[in-house]
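Encoded as structure tokens, here's the structure I'll be asking about.
The letters A, B and C name the chains in turn, as written, and every chain counts its residues from 1.
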């Protein structure tokens, strides 16, 4: 697939609102200390609108997490560019909150101390930090567990704590790296519902990495379907789901969208390695 | 610490059974130790072994009691603990600092790294005569010797701990606004704490062993010095009293250290090893 | 790369060692130049002192460690496999663990005098614990499924122990042996420094007491390097044994 078509594809998607994240011509080569180098991402172009929820969907090894880490500023941008709200990304910052699959909570801190960590770094007075943390903890449904350590919580509760820790800083961008991948199906479903509710209450640009088609269609306005080796965006699909209907998962439109994207993901022609 | 098979003793068991269970448990947990002491005492009393080689347990206890009474135990204990714990403290502080530096700075690793990997397996006690030559026979030599031996487990554990911190933990902290210097104190040190404490737990008995050797070689009282003194005067009761005293000191220090670890690592859901 | 810079570092250290006393930065007798130490070492080697004392030390350490390894393995595996063995040895091990092993030096000297027997006993007693603990924890960690599958494949109880439990205990056991090796040198050298009539530790004490410092440094370095080589060789051995991991 040539780069020209890719540019077309991402342009055609049409971000709603102003562009919040702009990635253009991004190529990332992974150089392991031993063994040969791998082109993890090849000429990626995408834009994410203000308050838009997009999903990066693809098989493992397609570089979707790498793309997220690059937007987060954790890995250096070597070729191409990434800007968030017009500013080029150079290093990690609290304006781009991230939630990892394995929570990455600080295990030696209580839930409250975890949530307060970012506020403390901002130099907020202790009482204010405590008040804001308490409010956020209540919002994610962890009231009563403020003094628990992560090791004492279930997987779902840990992820709630991790989300609270990120959202308490009210980032304008939220990066999520398969955040519900480590949870059981029931908890995952519950967390998806609550994430949508949180996002509606305080809209932000969300980039959500997943390999679960159902999850992508359920959550996102637009789905970027990626292919592996080298990681490329092979299609952008607007879901166009009306989520005001509580039973929308059972609607024909939803099921057909899942089916459409499922085929996009799996009809992957064997490209050159 | 539970011995298999006695687990089922619940609250509902009749009092007598509970008492028997309790007695059984004590017998299981300490039986062979009690038997050892009884055999020891019997061997000595019945003169199966000469009292010079094995003074009776009660005589040894009486000696310890006397040493407590006239204050010699306290004086010797203070000497030994001062040397062991001073050296231990220096080893912990310097070892953690050095380990962090080595984990963090490429230059420091370049300069000191090979020295550390070379020094760890070295039998450092052989340098004691050299330290005597340099620093004399008093506390300085003994404390430096303790530091030299106790610091290596702390350094290697700190390096391993600091380098083993998960990438995403550090990323999370950076993402939440932590700067480079915040990272070391608020993230890497606590995240590496379990491993660092393991290194410190290895260093503590080493510190005591080396302090005792130093006293045995250089005198200057202390529990080790007192044991050698007793040995020279063929006072076997004194030798065994010293052994028992040092064992109790070691026991208390190790228990204290374990308590400190539990206190510091309340957050850590670690499986307690079954033995020691 | 690491080796290369380790070599460079050592070379720089050796140069400093040679030059500092020669340039008068430190006194000759507190730090003899490296070349003088080397010459003293050659003298010791030629006179045969190094060999007689060295072989005495080596035999003591080897005998003590060998006893500790055999006894420690048997006790540790036995404790994991049979409850009665555990009931007998566990309290003893827990009581013995916190004893600073150097406190046994005067005790073994009291029992067996200044010769080989007291050193061998000291090393065996001191080193038995790390081996036994390693064997016990390793054998206990052996998964029950493995034992069951061994039994279901028709292996008898003892066979299972030898074929399944011992190999899976090996990593921790070998680690315990490494601790024992390091401890044996500490106990050997300190006991020879404190109470002995021969051996390398005694030689160090004798030379230091007589003010022959270059020779004393030579013996100290000999033991240090010997300890280092033993550890490195042992690690290499462990790696080859555990290559299935």
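In this section, contacts are C-beta pairs under 8 Å (C-beta built on N, C-alpha and C of every residue); 3 or more make two chains touch, one makes a residue touch a chain.
This structure is a prediction, so every number in the text was calculated from the model and none was measured.
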{"item": "Best-connected chain pair, where connection means C-beta pairs in contact", "value": "B-C"}
{"item": "By mean Cα position, the chain sitting nearest the middle", "value": "B"}
{"item": "Centroid comparison with chain B (C-alpha atoms), farthest chain", "value": "A"}
{"item": "Distance from the mean Cα position of chain B to that of chain A, given in whole angstrom", "value": "48"}
{"item": "Rounded Å distance, chain B centre to chain C centre (Cα mean)", "value": "19"}
{"item": "Averaged-CA centre spacing for the pair chain C and chain A, given as whole angstrom", "value": "54"}
{"item": "Chain C: positions in contact with at least two other chains", "value": "none"}
{"item": "Chain C partner contacts - residues on chain B that touch it in the complex", "value": "3-5, 28-33, 36, 52-53, 110-111, 113-115, 117-118, 121-130, 132-134, 205, 208-210, 212-213, 216-217, 223-224, 227-228, 230-231, 236, 239-240, 242-243, 246-247, 249-251, 253-254, 273-276"}
{"item": "Residues on chain C engaged by chain B in the complex (per definition of touch)", "value": "2, 5-6, 9-10, 29-30, 83, 86-95, 97-107, 109-111, 133, 136-137, 140, 182, 185-186, 189-190, 193-195, 201, 204-205, 208, 213, 216-217, 220, 223-224, 227-228, 231-232"}
{"item": "Residue ranges of chain A touching chain B (in the complex, touch as defined)", "value": "69, 72, 74, 91-94, 96-98, 100, 102, 104-110, 117-118, 121-122, 149-152, 165-166, 169"}
{"item": "Chain B residues touching chain A - in the complex, by the definition given at the top", "value": "166, 168-169, 171-179, 182, 186-187, 190-191, 193, 265-269"}
